[in-house]
Amino acid sequence: MEHDNKSPVAYFPYPGLLFLLAALVTVLFIMSVFWGTVSIPAITLLDVLFGDNSPSAIILRELRLPRAILALAVGASLGMSGAALQGLLRNPLAEPGLIGVSGSAALGSVIAFYSGLSVTYTLALPVGGMIGACFSVGLLYYLAGRDPSILTIILAGVAINAVAGALTILALNLAPNPFAAFEVFFWLLGSLTDRSMKHLFMALPFIGIGVCFLLSTSRGLDALTLGEDVAFSLGISIKSLQARIVLGIALAVGASVSVAGVVGFVGLVVPHLLRPFVGYRPGRLLIPCALGGAALTLAADIVVRFATQGPELQLGVLTSLIGAPFFLVLVVKTRREGR
Amino acid sequence: MTFLAARNIVVSRSNKKVIDNISIKIGPGELVGLIGPNGAGKTTLLKSLLGIVKPTEGSVYLNDMSMKTLSRNYVAKHLGYLAQGAPCYWPVTVKNIVELGCLPHTYDTKKVDGFISNMVADSMASTGISDLQLRKVTSLSGGERTLTMLARCLAGQAPLLLADEPVTGLDPSQQIKIMQLLKSQVSSKSGVVAVLHDLNLAAKYCSRLVIMAKGKIHADGMPATVLTAQNLSKVYGIKAQIRYLDGQPIILVES
Amino acid sequence: MVFLNSCLFTEKIKNTIIFVGLVFFSSITTVSAETNPNKPKRIVSINLCTDQLLMALVETERIISVSHLSRDPSISSFSGSANTLHINYGTAEEIYHLKPDLVLAGEYSKKNVVGVIKELGLNIVTVEVANSLKAMRSNLLKVAAVLGEEAKAKILVSKIDNLFLSKNTYAEKPVAIVWRARGLTDGRGSLVHDLLQAHGFRNLSEILGRGAVGNINLEQIIIARPELVIIPDPKQDYPSLSQLLFKHPALRSLDRGTKPWLRIIKIPEWGLICGGPQVLKAFEVLASARLDLLNNKQTR
């Protein structure tokens, strides 16, 4: 897990870390708003503020801004959820997709869309995703029983993912749209292209609530370093902790997936990179991972605009190209250290 | 004064009684050794007293109030737990671990500002690990880890300390050091309960011994009273001779 | 007796010669079907685009089967007729059992199926994808010849010729673009490009330097501000992710009000998939759209 006894990064000051990450996020946010396939002059910002309807102002207000905010929110959700999950399961290989949230959210969104609900109510798509995510949480509690142990949660998550995946394919086969499987293939791979303010207003409140739930678990996660029993003896209610984490992840990640598709590995890569900087303390990792996740997603979202000549590269593809090899290296490293 | 009592508790797991109708009272002023063969239910009894395991029948009372009615924070302030194997899942520093012991006190606004850092420094000093405070816990030896966890318990200032096999698998010098520390914690206001495997250590440091077998308490009293060849043969199935050295019983196990 | 035998023998030889001649003649016709005076009477089509060509030129009595895609009203302009016809899924076994005297396949029909059909000795004609008005014209003539419907084809060909002629008669050419799902567009070297020019528009895709198949995203459309944006309209009422792009508020906000920055019109999807005569019909709406645009310009 660590190579030396007194690693200098353990001394990295916490406020300094937060400031640096916040600065990084700010820079990337500004880049995301002003960089794109079409160059927008900075003066357009004034146009936007004065409600002008020039094409540049429209692009900025209706396309770039919602996209950048969504990248920030989705990235923060994924980063913080990954940190919380790894703190709960005490395993650095855990990821929100693991407990079945991403898969169920995708299923909920697909059903909401292809059943025609979102034709009548455009926002049924995000709502369906969150219902799917909440459903997976309920099912998780049922499967894990009255006294949920970590192993049971993982196994339940694997089962939920398998079922959600199969049902998604079934839903696509039954959809009246013959191109459903083709269309949704791209959506499932994760993308923030051409999202609008509507998506933002629908997803942001739920992401906010989820993040609040997760932030409240900071102390409990620190206590869990000593194991569930000792944490309990220190006054932490394990059940409440697990409930808040699972619910927080379901809301934050569920809302994110319903709007952006499945963007994988952010919840794996970011906590791993930042953990040494917070002295491996899981409670302290939450906010830095939110910022780090936002930064990573913003950066990836900028890259996808320029990676290919034709249609934009899918965001999830890029994060997987980075994350999957990273994950493999992590597995090898963990096995070698015998944990 | 803090008192912990179990009244007629039964703990069943898959239709088997791990704890079979036990009543026991723990209070300050004594170092209680909980001994018995593997599977006797010692760890389960300890966890039941802490409230980690809920008894199937009967109740545990802290200061004459049922555990079911007490807040987790109240219990945490009165009972300290040293878990078996001193588990630690992340490579955090010794100081961080000791600070965790103060968790039950974090919401007490009445306490002075430097309260936590003072407690942490004091408990590290009394366990002699101040030099190790910036070391990663995962890099420590077994004895050093146990000392860290002990410091953590001390920082929490809980009057009753419950330790599950604190010295199992440690070097003799470490074992003695830790037992001495545990003994030094005993006062008119505080007490210790420790699950022990080494009968001689138990005999030497404990003021009271409780022998468990098959989920029941077989004997409870002073070491001299409890450690008889008859009891040992019944509970452990061994033939033992008890000698006395300076008034201390020494158990010699015969083959 | 000998005389009778020799007469019979001659008769036999004559029959043999006729028979051999027939066989030889029919083998010639499978190679060069254009010269066959007999119209094929049992026609099977295994490709959506050849279905459309077939149904435009031939009466349904001579059509034995069309591909199952022809029943989908969003991608087929002849879905009504297709509902009464036998449909196939393009497998060699199906087709063989139908005993056709002509099979029509597309350029991208499964090669192994086409191969097997050929080996089974059936008469199969492949029609290439039309990527220009010229190609559409020659496809029409070729298929019409095979089907024996040169007369019907002549009418359609004359329509195409008119479009060729009208191309250079427009004084003012507004900018238009055909914008498909995922931002795909057709630039220079595509059928859509020819049609846009034929109806008096400049193609934004060509202006932005895209090839025959290119991509333009929403931002680029907004900045470029073409006067007309043509999007596909699936006639079927099922939810479609690709349609969400065309409903984006940014685009819609430019299409609104008395002074729209651009105008959006829809063409049925079947007008944008295959290069057959139905495309001409679908694009007819461009003529009136152009006039509207020019009139609005004057009143602004």
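Details
When the chains are written out, they are named A, B and C in that same order, and each has its own residue count from 1.
Following the convention adopted for this analysis, a contact is a pair of C-beta atoms (placed from the backbone, for glycine too) under 8 Å apart; a residue touches a chain by one contact, two chains touch by 3 or more.
Quick caveat: nothing in here was measured; it's all calculated off a predicted structure.
In terms of which chains touch, the assembly is arranged as an unbranched chain of neighbours. Centrality annotation: A (chain centre taken as mean Cα position, compared with the mean over all protein Cα atoms). Inter-chain spacing, taken between the CA centroids of subunit A and subunit C, is 45 Å. If you average the CA atoms of subunit B and of subunit C, the two centres end up 85 Å from each other. Shared interface positions of subunit B, defined as residues touching 2 or more other chains, are absent. Of all residues in subunit A, only 36-38, 53, 55-56, 58-59, 62-63, 113-116, 118-119, 122, 175-179, 183-184, 186-187, 193-194, 196-198, 309-312 touch subunit C in the complex they form. Against subunit A, the residues of subunit C that register as touching in their complex are 72, 181-184, 214-215, 217-220, 222-223, 225, 236-242, 244-245, 247-250, 253-254, 261. On subunit B, the positions that touch subunit A within their shared complex are 47, 50-52, 72-73, 75-77, 79-81, 83, 87-93, 96-97, 100-101, 103-104, 106, 134-136, 138-139, 149, 152, 156. Every residue of subunit A that touches subunit B in the complex is listed here, in rising order: 1-2, 5-7, 10, 90, 219, 222-227, 229-230, 232-237, 279-282.
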